[in-house]
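There are structures below to look over.
Below are two complexes that have chain A in common, paired first with chain B and then with chain C.
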Partner chain A sequence: MAKSDGNGLRVVGRAQRKVDATPKVTGETLFADDLSFPQMVYCKTLRSPHAHARIIRIDTSRAEKEAGVLGVLTGTDLPIPFGILPVSQDEHALALDTVRFIGDPVAAVAAVSEEIAGEAIHLIDVEYEQLREITSVEDALANPEPRIHDYGDSGNLHKLISLEFGTVADGFDAAHLVREDLFFYEGSTHLPIEQHAAVAMYSADHRLTLWSSTQTPHYVHIALEKVLEMPASRIRVIACPNGGGFGGKSDPFSHEIVVSKLAMMTGRPVKATLTREEVFYCHRGRHPTHMWVRTGVTKDGHITAMHFRTALDGGGYGSYGVASTYYTGALQTVTYQVDRYKFEGARAFTNKPPCGPKRGHGTPQPRFALEVQMDKIAEQLKLDPADMRLKHLVPADSLTANYLRVGSMGLAECINKVVTGSNWKERFRRLPHGRGVGIACSSYISGAGLPIYWNNMPHSGVQLQCDRSGGVTVFCGSTDIGQGSDSVLAYIVAEVLGVDPFEIRVVTADTDLTPVDLGSYSSRVTLMSGNAALQAAERARELIAPEVAKQLDVPTSRLVFAESRVFDGENPETGTTFAEAVQAAEAAVGTIGTVGSYTPPASAGRYRGSGVGPSPAYSYSAAVVEVHVEPDSGIVRVPKVWIAHDIGQCINPTTVMGQVEGSVYMGLGEALMEEMAYRANRRVVHKCPSMLEYKSPTTLEMCEVETYLVTDPDPNGPFGAKEVGQGPLLPIMPAVANAVYDAVGVRVDEVPITPEKVLTALKRKANGKEGGGRYGPTHFPEIPWPDPTRVPPPWEGGDGKAIRPSDEDAKAAAVAQPERQH
Partner chain B sequence: MAKNRKGPLTKAHISFELNGEHTEVAFAPHKTLLEVLREDLRLTGTKHGCELGECGTCALLVDGRPVLSCLVLGLACAGRSVRTVEGMASAAGLHPLQEAFAEMGAAQCGYCTPGFLLTAEALLNGNAEPSRDEIKDALAGNLCRCTGYIKIYEAVELAAARMRGEDARPAEKSLYGEV
Partner chain C sequence: MLRLPAFEYLQPASIDEALRMKQNAGPRSQYVAGGTDLYPNMKRRHEEPKTVIALGGIDELGQISLESDAPFLGAGLTLTEVATQPRLRTTHSAIAGAAGLVSTPLLRNMGTLGGNLCLDTRCNYYNQSYEWRKSIDFCMKKDGTVCWVAPSSPRCWAVSSSDVAPVMVALDAQYTLVGADGERQVPAAGFYHDDGIEFLTKRPEEILVGVKLPAPNGWDAMYLKLRRRGAFDFPVLGVAVYLEWNESEVQDARIVLGGVASYPKPMTDASQLIVGSTLDDDVIAAAAHAAFKPTKPMDNTDFGLAWRKEMTRIYVKRALTELRTRHRDA
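Moving on to the complex of A and B:
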């Protein structure tokens, strides 16, 4: 047991192993594909070879007759649609009448071996009528027909958003400098090393159990209830430890529903393990995003207005896309003060694997654009880009123009750490040609303020049991995807009850056994399930303490729970073991069990669309990236990154470090090489559905990382903790782009920054051609934007609500109010 | 279940040394070592990420050398010595590499971990004091999406030092960050 820190904490804040570290290094951890059951059979899925087609006829008779085949399913067997968001229930477990991307599931077979199942799917005859495929956002705009879905804002536009906080035109008028820039952010995929797998079992008493590599067992539970038309109380979903998620296992998936149905049909346990190629088709990764940004600043870089447009290539289904689209406009305001802000976002349906939430969910794209533009603005204003940022930070405990409530805000210290650590002042614009440094900052949510489906119940729940042996068991629906959420529960309970975290039993992610936690997404688990665990543990302490106080004859206020004892803080020898303390309490009040739950604070924004962006706490990051650019080849190498992350409070600094380093790694991949690319001229075939062709950083590309953990406890976090799983990825891509400019004087306004793009920009610069020294998009798609929802910012008298057209007079009066006050 | 299901089933039968124990196993002859281990011997510690030889996840040792078990036929292992992650720990405790991986947080999701452990073990067997660059070279064929590899390098260095008999501890900045 660690000794008490200066802040009185004994467990929280100490570097230690994860509670599941041992089974992970011995290979004992059972991932979904590691499970097998007597009489288990195997499922394979037939997928569409066409990007867009109508299914005319499916004949499964040959497959059904094949020896060893036990069941065949097609779309009509599972006709009820599902989807992660209530507003886009547009998926079918197997295509009902239309396929929408190459790889869309069409039919499935259960057979006694994986091999027979794999052969049998090719005995299914499907007749398709091919439809024109929609290949891009522009294509979707130009071709409202054929519609990929019969819902959405119009034609093949899934979603259009327009929000204006204050009149941006006034802000641009007041600006010293107004810049317009265009950016493109290529799509990328999660590439978890574990391929998705699921096993279903249906018992003779009509109970269904599904084990799956999912980040969101609760939402899978809801989808199964809906599609299978079965009471949720008879469905048990167990999320196995995920072999990496990064957002890619957050949707309910076809294979999860299909194995469940096949288990019900055949009475046998059914397993599906996706091939790597199929994992690429599941996707739900980063949306390819076009961006247009107009920003007005004063002479010292204060942002008087920002107008941000995004156009997202959504792929064939809704997935989280509506939320993703809002996220491309939500967090621009939480780093630097923005007086007036307008956001217009669009998502198009295209005939590609669906995009969704990848680490950073919708925010890396705009953050890339914003931070590169800040670099350009600083240069134009002849300001140091670090100093300019420092001068205009959003203050702690304030409301932004779009009504996000910022609590603790440690970005200034983050910037200072990386500026000092990297020796920025001596190196920026001073390194020899071919070498450069770039800086960027970012922020991310620690959990979303609203649940995915409307309800007013807690977002996370914990049950705690203390037994006579002194054993403590924590039950929570949260899902460990490698980030260490099981350990966070153990550390927090251990801190409060004074026991060893490795003695605590953690039972998680099982809908039969554990209270609901919404899932491992939105960087929500440490804050939300951590707070629920904290509450449950404090309640257990309150049950136990009075009985110990009676026995020891000391006031409860003097009792200390530490080192598996409960003792008098003034006379530490006077005490009892934790087990004896539990026994005393059990004798007095009965079985010792408590519950805790967490509901985030209400959002300040009350306009339509205000549900995306609010969070109990925002994390902040700053990064300096050093690059070496070979002017002859355009190859960019990153030797080193300095990154500082405002974590609020570390629950375990070593796992926090791991998240920061892992984020830098994944950001480097997006910055330099990763692309989910299609051969648009060849019917939207995926260019590279393999790990060999989808380039991701190996040990040879990964850089050195210097990590600074900034602690500034947030009142909403458990012990002050904020998120770390996603935020530190965000500054990497723009910092690389800014460093490339510092190194060789060319702007690559899109990712990935490949050698070809750098070389093209260098050639343009050398030739003095149009757009000299830049590689990037030259136009933004023509989008029929709706009139904006107008919401006056807080400093213009706004109350978080949109103003109706009839309130225009009131708005005029509001605008006349004095400028923002802090 | 073999492919030839109309005629009598024909399984191959081999004996080999698995984690130091004489082992016999019967399996469909087209199966890879990965499949034989996971499906016929139920040793699921060896994982897979692509089954195409691209990710390094299924790496293990055959006669002391790292191989990708998804690319090796089970039949090719007759009479050979195979070492998997299940053979690394003993009643006496974890292997120093396992200990260091646990301590440094080098296993996040843990899925690629067995492949890294065995590849690193082969490295250390031939080079007791590898440099950071030698570690990177040795592990270049293993993909990890969680850690950014840094904690893995640090764990390999820590284990190497301990295997050389040094009383090595993790650097404070590896556990707590820069000051």
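Moving on to the complex of A and C:
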């Protein structure tokens, strides 16, 4: 057991392996597809070959007669809709009457082998009536009919948002410089190595168990309860260790419901393992986003007003889309002070696989736009872009214009670290043609302030059991998707109880055995389940300490829990083993079990839409990216990235670094090559649903990374810890764009920054053509924005509530925009 | 999971036995060597042989002789063997280099020289699952009637994506084929057809036994590959150049492009431009332009076709400049 550092911590903050490392490395870990049960059968899904069509007739008789086929399902067998958000219950396990993208599930077969199931789905005859496909945001705006869904704000517009914090017009009047820029951010997908898989088993006493590669077993539990019309108490959902998620396994999915229903029908365990192509159709990845940004600044770069518009291509279903749309406008205010802020966001339904939450959920797109625009502003103001940012940082412990409460704020130190580490001052605008550096910053939430469905219960719960062998078991609903959340639970409990983290038994992500944790999304797990574990462990210590104090005859305040012992801190040889301490406590008070839970602090904003953005703590990141650009081909290579992340406090610096470097890697993919491309002229089919042709970097394309961890403990985090799973992704894409400009003097105002775009911009520059060396969108879609909800910022005397419109205005607004909870 | 369909698997021990098995199995049979091309295609139901005849157990196909005046590479050598053969890396570095640029180390360990030379043409309307292809009503290369790359076209535009084939054509290597009628030699250029479906002149039952290479007697050659990721992508452009020098003058030249047509495409005009020259900058620019002009990549691989076309100029220029530097430094 390690000795305590200066801060008194023995486990927390120490670099060590994950508690599940050995089984992962040896191949012992069972992922969902590794599971096998006696009599198990296999499920395959028939998917729509049309992007938009009505189902006229389905005939399953030929498939049902096929030898080896045990069950066939169609939409009418599972008619109840579901969806991750209460406002978007728009999915069916199998299409009921309409298909909305190529790959939409239509029917499913269970058979004794995967081969037979795969052949039998082609014996299902489906007659379709094709409908006009909606291919893009512009197409959705121009064609309100045919509607993809019969709900939403109008036609094929799923959601329209308009919020104004202070009068931006006044801010623009006060500005020295007002810039307007257009940006586009292409869609991309998560690409976890593990393809989704699920196995369902239905017992003779009518209990259903589902094992699944999911990040959110609790929400899958709720969806199964609803669609199967079964009491949740008879359904058990177990999230297997995930081979990567990145947000792609956060929705309840068709195949999870289908195998459950087929298990109930056939009485056999039923398994589905998706092909890579099907994973592309599950998608829920980055929304392609058009952006228009108007920003006013003073001579030294202080933002007097910002007006931000986003238009998101949502794909065929709601998914997290309403939240995603709010997120494209939420976090602009938490890095640099923004005096007045207006956000207008729209999400369109289109006939493509649904978009949703991918790492950074809705914030990489606006962050790209904001950080590239900052670079342009700094150049126009003749300021160093790092210095300009440093000068206008949001102060710690403050409230933003849109009522986000910033606690600890380590961005200044992050910027200083990467500026010094990269030798920025000697290199920015000073490297030879073809080489350049760029800087960008970002921030992300450490968990969302509100749950996905309204309730006032804790977001995370932990039960802790200390047995007389000295063993400790932590039970928590949290799901380890490779990020190390099981390890975080063990480290935190080990720290408090003074035992070896590798001796702690961690039981997670099982709705029968573990208290609810909302899931591994929104970078919430270390902070929320960590706090719950901390509370449970402290309560256990409070149960154990008095009995040891009695035995040793020392005050409890002098007891130290460390090295698997409980001892007198002033006289360390006087003590007892941890096991003896538990035995003493058990003898005195009975079985030693405690609970802990965590509920985030209430949000400061109280306007409609204020639910997206608040977080117990914000992480901060800054990155400098170096690029080499070939002027004759436009090919961009990234040899090195310097990145600093304000983590608050590392629970384990090794896994924190892993998340930072993994974010850099994913960020480079989005910056340079990844594209969810569709053949718009060929029925909106996905251009290349394979890992070979969907271009994402491999380890051989990965650059050198210099990582700096900035620790500035946040009072809301366990031991001061904040998130790291998503934030460090965000500065990479804009830093690459800014570096390309530094290298060859052209702006690519969209991602991915492909060689074609760079070369086109270089030619335009050489020819003195429009834009003088820019590649990017030339217009923003025409969107019928509603009147904004007006909220005065805190410094204008606001209290977080919207200004009440006059009664007449309110009536008009109510008609135009029916109230909707999100 | 994407599953292989059921098929019969035969393992002949000799070329003769393989030919007999092929004859007995009829048209719905196919040879396989490393399987890195065929098996994924079978999973996606592009190719549906009922019988697969594995050539891996035939020792004759693994022959290699580099010491003689007629160097020979057996078609059964793995790409790793070709890429790492120490003598070949000196005498025919363009071949070893091209083999080393194919895919990933794992696939090079399985994939063979013969497999790469007979690689099925590729197209992103074709290299897709059965379900995907069904959603576009299939294409003429498999199960359909239209070439979606050029819907009014009477032919298929799938792309030759071999890295080694353009080098073999540039070197004027001779392929040795064995069929029911015995052995025949075909010049590499004559082995390929500009058609995405009938892309080989090889008869189905013939086995590519190996390749006779030109003896290393002063000529030079190189291969440049353009692709998105150095880690494993197919070429979107391959530039193979063969040069014979006479003092400071180019005596003979062959420039061949891969990844831009259904066959390794000889750039005759560009090649002729440099013969007789000292390969000065303006000649290189003219040759690069002559290679760029007739190149007509289609929209069926990674990257946009206009940029790929533009890159022929850049990559031909780079290859010629590099060969000139080598010669002047030598």
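Quick note on the criterion: the second predicted complex is superposed on the first by the 806 of 822 C-alpha atoms of A that agree within 3 Å, B and C clash if a C-alpha of one lies under 4 Å from a C-alpha of the other, contacts with A are read in each partner's own complex, and residues count from 1 in each chain.
Everything below uses one rule, namely that contacts are C-beta pairs under 8 Å (C-beta built on N, C-alpha and C of every residue); 3 or more make two chains touch, one makes a residue touch a chain.
Because the structure is predicted, anything quoted here is derived from the model rather than measured.
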item	value
First (chain B), second (chain C), both or neither touched by A:192	first
First, second, both or neither for A:30, with chain B first and chain C second	first
Partner chain(s) touched by A:685 [first = chain B, second = chain C, both, neither]	second
Larger contact residue set on chain A - chain B or chain C	B
Chain B versus chain C as contact partner of A:115, first or second or both or neither	both
Contacts of A:172 with chain B and chain C, given as first, second, both or neither	neither
Partner chain(s) touched by A:755 [first = chain B, second = chain C, both, neither]	second
Partner chain(s) touched by A:21 [first = chain B, second = chain C, both, neither]	first
First (chain B), second (chain C), both or neither touched by A:241	first
Contacts of A:705 with chain B and chain C, given as first, second, both or neither	first
Shared chain A contacts, counted only where both chain B and chain C touch the same residue	115, 275-276, 690, 692, 698-700
Residue ranges of chain A in contact with chain B within the complex	15, 17-18, 20-31, 33-34, 36, 67-68, 112-113, 115-116, 190-195, 241-246, 275-276, 417, 421, 481-484, 653-658, 660-666, 690-692, 696, 698-700, 702, 704-709
In the complex with chain A, residue positions of chain B that touch it	1, 3, 5-6, 38-39, 42, 44-52, 54-55, 57, 84-86, 88-89, 94, 98-99, 101-105, 107-114, 117, 135-137, 139-151, 153, 170, 174-178
Complex interface listing, chain C residues touching chain A	1-3, 5-6, 124, 127-129, 131-132, 134-136, 148, 228-233, 302-304, 306-307, 310-311, 314
Chain A to chain C touching residues, read off their complex	47, 49-50, 102, 114-115, 118, 273, 275-277, 632-634, 673, 679, 682-683, 685-690, 692-693, 695, 697-701, 754-756, 759
